[in-house]
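So, here's a batch of structures to check.
Each of the next two complexes has chain A plus one other chain: chain B in the first, chain C in the second.
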Partner chain A sequence: MSDHIPAPAAETAATFGRFDRRRGNQSRKTVTFGDASEVTTSKVWMVFSLGGLMLIWWLVTRGPEPMIAEKTFPGQRAVWDAFTRWLREGYRRGSAWEHTWASLSRVLKGLLIGTVIGIPVGFAMGLSRRLRGIFDPIVELFRPIPPLALLPLFIMWFGIGEQSKVNLLVWASVWVMIIAARAGVLGVGGSKVHAAYSLGANRWQILRYVILPNALPEVFTGVRVALGVSWGTLVAAELLGTEVGLGATIYIASRFFRMDIVVVNILVIGVIGVAMDIVMRVLEARLIPWRGKG
Partner chain B sequence: MKDLSVQNVSMVYELPRGGSVQALQDVSFDLEAGRLLTLLGPSGCGKTTLLNIIAGFLAPTGGAVTLGGDPITGPGQERGMVFQQGALFEWQNVAQNVAFGPRMNHRKKSETKDLVDGLLNTVGLTGFGDKAIYELSGGMQQRVALARCLANEPEVILMDEPLGALDALTREKMQGLILKLWKETGKTIILVTHSVEEALFLGDKLFVMAPRPGRIEQAYELPFAEVGLTSDPRKLKASAEFIDKREELLSMIWGMEEQIMGHEGGMS
Partner chain C sequence: MKNWRRIMAFLMAFGLVAAACGSGGDSSPETTAATTTDAPTTTAVAVDTGGLDELNVAYFLEWPTANQVAQAEQTYDDVLGLTVNWWPFASGNDMALAMESGDIDISYSQGLTPFANYVTSGADHVIVGVAVSYADADNCVAHPDYGVSQDNAASSLAGQNIYTPIGNVTHFKLLKMLEHLGVDLDGVSLIPSEGGPAAVAAFENGDVAMACAFGGAINTMLAAGGNLVMTGSEQEALGIRVFDIISIPRSFGDDHPSVVTAFLQVTEDANAAYASDRGSLEETIAAAAGMDVAGSNSLLDAFTFLDRDSQLSDAWLGGTVQAAMKEQMDFFVAQGEIDTALDSYDAVVDTSYLEGVR
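Moving on, here comes the complex of A and B:
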């Protein structure tokens, strides 16, 4: 086949094939635009993309008189130095690990409580007309309210300490979990439930052995989304009443115009967010291998 | 073994915009234990509705169904069900799916294991117990569904187009399996199908149903299922007797389809 391809095209295909085996070498499909199975993440372009960002960053901050003033946006060298110092010495009242763990544990606590509340409520909404009627307006009304808007109220109610921060993160995750659990219950095909009844299952067994496992993929997606949303709410949650935490550090450092510390913590939050999502994907492949194959 | 009795069953669906549809009108028949009844008819003739009423998933608006004299009021394990698309539990492996019924009945694990192995053997899936459902082909999934249904020793097995989603070759093989199971277990089977050939080949009793209102148009007693196991099914399906019946049924159903089309044409 390859001798039908004109020389330059063959050369291009070979060049790209070296990096990306899906194109050129393996796939003989002529229609790839619009074919989702052909659109996988290109590793080459991932490297180009990250490299490009670094290049732009370097260009706008280089030299003695950079395009963006050092004070407003530090260069790569300054950020790297700040990062290594942050790792060694931490920032103000805590070590790097203490800041990170403070934030992580708040988010995980909030997510855990949000999940423990959200799953039964979502299930109830998926199983009962009456309960859906009761919860639907509550969910629809409160879901769009941004957590930051509630911070003053939460501080009034739960104090300036940990309680208000965790509760804010519960707020960030609970609506996602309710909706995911409800979708999981509604996603069970009628024939599965019918089959189980015909096999002698009672209501409780239907719930335990059919509806619950059938909802797991949706619930898991909910946890993944909620984790992302909570992590994104971190800075808001740590705005007041603490000096320990990645979000708190950003807020405090910004008041002292320490943009290098701010950027370091932004990047750490970003990288941890990506790492958590990767962990969740691995867990999903392990725990729910049937997903998408039904 | 229990006989099934359907007495003056009617089903009227109220439409959301007013008006109603008579899905079944005054359907009555008795089915002795151990028969294999096939239900054939154009879409909208109420055959699936009738099956769902017997399964207990739907309550008829009139009439009653009894099994061995006991009225049917809801689903129950003496009436097993096989759906078009397995309705298998994909979070469980093959053996766990088959063991679902006994497990719901709190049967001992050791007993269940032998039962499951035996059933997998019966449906031709020996050694597949550990496989995940999504690793199986459509035909194999239907074999699992059959085994799962048999595990509870139902009196009646209800099949809603069980082979409808399979390719032609697999379908023929599975027809043989259904006949084999029927012979070996002696269970009453009611099978809904769109395929005239399948209805003729599998049914030792066949109802052709008609729509508007849904009813039994013709009942047949058929010889093919009895001989279908011992003789070559391809030869049987090519025999003059089989072809005659097939053409007779086809023209009857075509007639109904045309009536429906004409009716709808007249309305618009």
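Moving on, here comes the complex of A and C:
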């Protein structure tokens, strides 16, 4: 049975070396499944999945009698035309850049405030029995509430200004950040803490040199998740009263059944989301190189 | 081997996603009253249901209509000989999308504007009847702090926020009213809203000079101290017609013509019963609309339910409705909301079903 004969290393390296980071024989391990450090992004598969999506899109919208009607989901050509027109003329009362910046700044403000509130609360919940008792029911009670359900309340409390939208995005991200920070603290091995104590560390040093670095990977994951949740809440947030923003554009265009504009803005949000995630990954690699090695 | 595992993992993930998407809209309607009751086997009426065993109808909450007596007493179910599911909606736009998806067969009381918008974008839906005419039940209420009146609207609304649904008749009415009052449209911010509770909340918060809505929200805002800038009849005098229609996907009518006609027949009978004796039906209607009797009645006062002959006359489906759609869509083209309007809206009105009503 030829299955038992391993492929020559040189051939494997030649096949994958162009795309994978695993080059040469020295980094090859006999068993890799479950070893997270071996899982790097496979660009072959990235191209494959993106190309596949585009192909499916093309297949279901092509021809004079497409599987999905043009008004239900526009084809690539129509979306491209709508995109270039959106870049040139914007939509309604804003240019493409004004819409994008309005939404981007709301998401970043919401995320920043959510993080600034969430990390200390999460750390406190991980470090103090009393504070955990206080915050646990609050977090668990409010976390599952969908932001859309809060619209009328937020309008009454905060009005329809900019702060109201940012507050809704804070709401979306703060619970994620609290839970991530708490999980980060809880994940710090007790042996590390006791080792540090036995070396003479004080409380502050424990927090600064043991807990913080060990919790950071979880916090970073939390920020990435919160970023996604924030973009996901954008349409709801911009229902709080604005004509300018990607989410508001999607809502207004849908009222006029302008599906090409809806799809363009969905894709713009998607691309911005991916770009921000890439930035976060680069930051992560720079700032916490010890991730996954503790 | 490893590649195969990767492919398998990819396919499995894909399958999971597909399965998740497939199981989407299976929830049952909240308002189906006792679907377990057997369809009565009265032999008096024989509607050819064409293999249909359920009819899905879209309607509005907080929108009391005469036919809700028939809805509550399940007259539709009895006459049609099938289960009628009533699905509550928040906007006529959503009704159009639900009809497009095939989940809704008949939209009762869809606004004319969302309907016209959607057929303009290429949908194959048709109007089969006029549900209700109303002018006072759809309006804009000015916040007392801003002191807006007809005389000073051009100055008092300049630079202010106006809260309004977008792409529906409320939006159209608002734009026509502002135009009439000489308000510079570039100088006001129209804040898109879902109407209803959101409009009331924005009004009570006071960030908006005016909030536009339909149904019970208007009464709430008036009770909170707001004032109408123009009354419904003043707006009607400008030629702004406000009415809701009964619409279907054209293919549904082609497949089940007798179901559509029977639906219109039950509606006609319910409207006639309401016209002859409203008092005894008020409580039933209010309960079905999810309102208290006083609130329901104040809306009913503003409503006119047209009989078959009026609907078929030139004042309505005989030509005026088609012209109203053309006017509204041309107006939205001029406003830059849409790119083009249809040349004519004659083809999206089909009176053949209504003509079968006695």
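FYI, the second predicted complex is superposed on the first by the 229 of 294 C-alpha atoms of A that agree within 3 Å, B and C clash if a C-alpha of one lies under 4 Å from a C-alpha of the other, contacts with A are read in each partner's own complex, and residues count from 1 in each chain.
Just so we're on the same page, a residue touches a chain if its C-beta (ideal position, glycine included) is under 8 Å from a C-beta of that chain, and two chains touch if they have at least 3 such contacts.
Everything quoted here is computed from the prediction, not taken from an experiment.
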Room on chain A for both chain B and chain C (clash or fit): fit
Partner chain in contact with A:F256 - chain B first, chain C second, else both or neither: second
Touched partner set for A:G161, first chain B, second chain C, both or neither: second
Which superposed partner A:T72 touches (first chain B, second chain C, both, neither): second
Chain B versus chain C as contact partner of A:M276, first or second or both or neither: neither
Of chain C and chain B, partner touching more chain A residues: C
Partner chain(s) touched by A:A248 [first = chain B, second = chain C, both, neither]: second
Touching partner for A:V210 - first (chain B), second (chain C), both, neither: first
Lowest inter-chain C-alpha distance for chain C and chain B in the superposed arrangement, angstrom: 28
Complex contact set, residues of chain A against chain B: 189, 191-192, 194-202, 205, 209-210, 213-214, 216, 288-290, 293-294
Chain A-facing residues of chain C, complex: 1, 6, 10, 91, 93, 96, 100, 114, 117-118, 120-123, 161, 163, 165-168, 189-194, 197-198, 200-202, 204-208, 332, 336-338
Chain A contact footprint on chain B (complex, rising order): 55, 57, 74-77, 79-81, 83, 85, 87, 89-92, 100-101, 104-105, 132-134, 148-149, 151-152, 154
Chain A to chain C touching residues, read off their complex: 3, 45, 49, 69-72, 92, 151-153, 155-157, 159-161, 239, 241-243, 248, 251-252, 254-259
